[in-house]
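Two complexes follow with chain A in common, the first pairing it with chain B and the second with chain C.
Showing the complex of A and B:
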């Protein structure tokens, strides 16, 4: 089946610039557009203060920016504050009401897709599906490490998609489920913070060789290692290396993709994630949708350097466009 | 993340009421990538020269409003947005004089994490 893969950017990538006052919301959209992103993904709770009570004027301004910069608003990333109340979890009905609020927002932006954060119960998505359908909005649970396509929680979400229809419920894989080499920016940060270099090296080797990260974590914890070293060992248990072929298997349910990356190298490759295999798998399945740059190296380097989201997203867009355009005949 | 903004650089100052120094304060930004309702902001954990400050000596301010952390826990309407600068006040008669090390841990209830997020910042300051 012919694929139609487009690139976009999540404004999450530019959060340091926004936080530090270097770019406002319009500036982040302009930067993404300059770098070749056609789709724009936004986090209302990040860059739209006052959400969910945004004015009609705000929505009109936002639509004007999409026109001005030649971009398409493709996704809204929702959150579900199940711990809003200190002594009890939100009830099912409160969760559904919270999701309706996000559906209303996505319909007004408009954004065709909502990223459903992974702590959202499948029953809440199912209950909100008729409302989303009425509003013309699709919902996709984010498949984010440490969960993969094969975990029960995700399977329950995919079952909802089967029941209510892929026209309204699907999934949003985060490419952080395909971490083949442990991210160097995280290793370097742990070493700067003072984690034990020998133990860190052992944990990284174990991860990269697909060893049992939980067993090594248990061993490091039991050894009485310092908290920073134990934390690093724990962190390796939170990363996973799924098979990119899973994207081909599930392509009919994928509404949108978070193209997570940690570090673009000057050579134009991502350090950890096998984008060549990922994009080949999406082409093979005939994926029609967006790959949105989601830069997450930022938080791991901000202690020593100014975060260069612009440069990193630029390299990432170029890499994705090159791989999308590549001739895969014979692969 | 945004660790260094938990105690804004150069913002630790004494707080006076009339002629009296009633404590000290510092600027703080949310150590997260989005805004949160203030009911999810847990009491800051603060030490001065290693000595813990009791939670009831803390006040949290946004704009012209000030809360105790007990009050903050049940405010379900106000948001601490990503670009808002809050003020944390430590009631401590006499404030800080001379050199002191202030450490603050900002604790946020993030719904998708199994444990609260804790972001630490320490600054050594000299106040007159």
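Showing the complex of A and C:
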């Protein structure tokens, strides 16, 4: 089936540069464009001061940046602060109103897609679907580890997509659900912090061999191991290794993809995630949409080195473009 | 270098000593802006003297808010790049101070149980320079 896979970048990748004042919002967009990203994904609560009360002037400026750098505003990542009140959750109506706020923002950027954060109830997405359709905005629940396509919560979201139509509701897989090898940057950080090397090695082997991470965590916790070691064992329960073929199965519901990565190697490969299999699965399904680089190795290396998001996103863009362009046997 | 999500104090910041109070620079220890209502508690220790939430005010932009009232500020966001100032009822004469800031921050979209959000306990500090200002 003919595919049309494009690469973009989530500005989440450049958050360290932003926090440290090395790049402003325009600078992050410019960096993404220089590295080959056509699509731009933004987090209003991270890089748009004043959100949700942004001026028409801001939106005009943002649209001007898209034109200036030859990029397309692909997605707005929404948050649903269900516990902004300490003693109660937002009501259903409050959640729908909050989502309408995000739909309005996406329509003004304009961004075609909204990443729906996974704590959003399916009923809220369903209630907001007519409003989103009127505004020309698609919504997709983020499928983020430890959730997978096969969890009941995600299935309920995908059921909403079936009911209201894939033209307005779908999903945003985060490629962190395909972690084949436990990320080396996380292992190294745990060892630097002082976790027990023998237990860490055992947990990593168990993960990489698709062992029962919960059972090993329970054992490590019961053993009286130190908190750092217990925490590392717990972290292995938060990662999953789904079958990339699930992307082919659900390709019609995918509105865009968070192309999560932890560590690009100099060889041009990602250490943990089988991008070759993932992109082959998307091609097989005829995926038409964006893979947005989302660098998340930063938080694990900040203790020893400056974060090089620019270099990492550059290598990631090159890898994805190479794999998209490659001829796949049997395609 | 500490992760930005663990940092309450930005590198290079200084404590400001005014005539009748001290101002401590603080940032949001997270990767996105959060409503002020998510600050469940905050405390400052200056040279061993601890000041609790009921003794502190937060100066953010043009507003000065008693920290005991932060829980009611559901619609006011603290932007991640903005420095807020904790106003401490103490005076400093020295050129540097041993500072410790502790905070409990509710992450309002990360649920860890029925009607229960993740609360992060964050602390930061060290020896900071003290600068004097009659205007702060």
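What to note about this one:
One rule holds for everything that comes next: the second predicted complex is superposed on the first by the 329 of 331 C-alpha atoms of A that agree within 3 Å, B and C clash if a C-alpha of one lies under 4 Å from a C-alpha of the other, contacts with A are read in each partner's own complex, and residues count from 1 in each chain.
The rule is short, and it goes like this: contacts are C-beta pairs under 8 Å (C-beta built on N, C-alpha and C of every residue); 3 or more make two chains touch, one makes a residue touch a chain.
The structure presented is a predicted model; accordingly, all values stated were derived computationally and were not measured.
For the composite obtained by overlaying on chain A, chain B and chain C cannot both be accommodated without a clash. In the overlay built on the shared chain, the residue A:43 is in contact with chain B and with chain C.
Contacts of A:58 after superposition: neither chain B nor chain C is touched. In the superposed pair of complexes, A:80 makes contact with chain B and with chain C alike.
Within the superposed three-chain model, A:19 lies in touch with chain B and with chain C [touch as defined at top]. When the shared chain is aligned, chain B and chain C each come close enough to touch A:119. By the touch criterion stated above, A:131 is placed in contact with neither chain B nor chain C. Overlap of the chain B and chain C interfaces on chain A: residues 12, 15, 18-19, 21, 43, 45-46, 49, 79-86, 117, 119, 299, 302-303. The part of chain A that touches chain B in the complex is made up of residues 12, 15, 18-19, 21, 43, 45-47, 49, 79-86, 117-119, 298-299, 302-303.
Against chain C, the residues of chain A that register as touching in their complex are 12, 15-16, 18-19, 21, 43, 45-46, 49-51, 79-86, 88-89, 117, 119, 299, 302-304, 306. Chain B makes touch with chain A in their complex at residues 1-5, 29, 33-37, 39-40, 73, 76, 79, 81-84, 109-112.
Residues 1-5, 31-35, 37-38, 40, 71, 74, 77, 79-82, 106, 108-111, 115-117 of chain C are the ones touching chain A in the complex.
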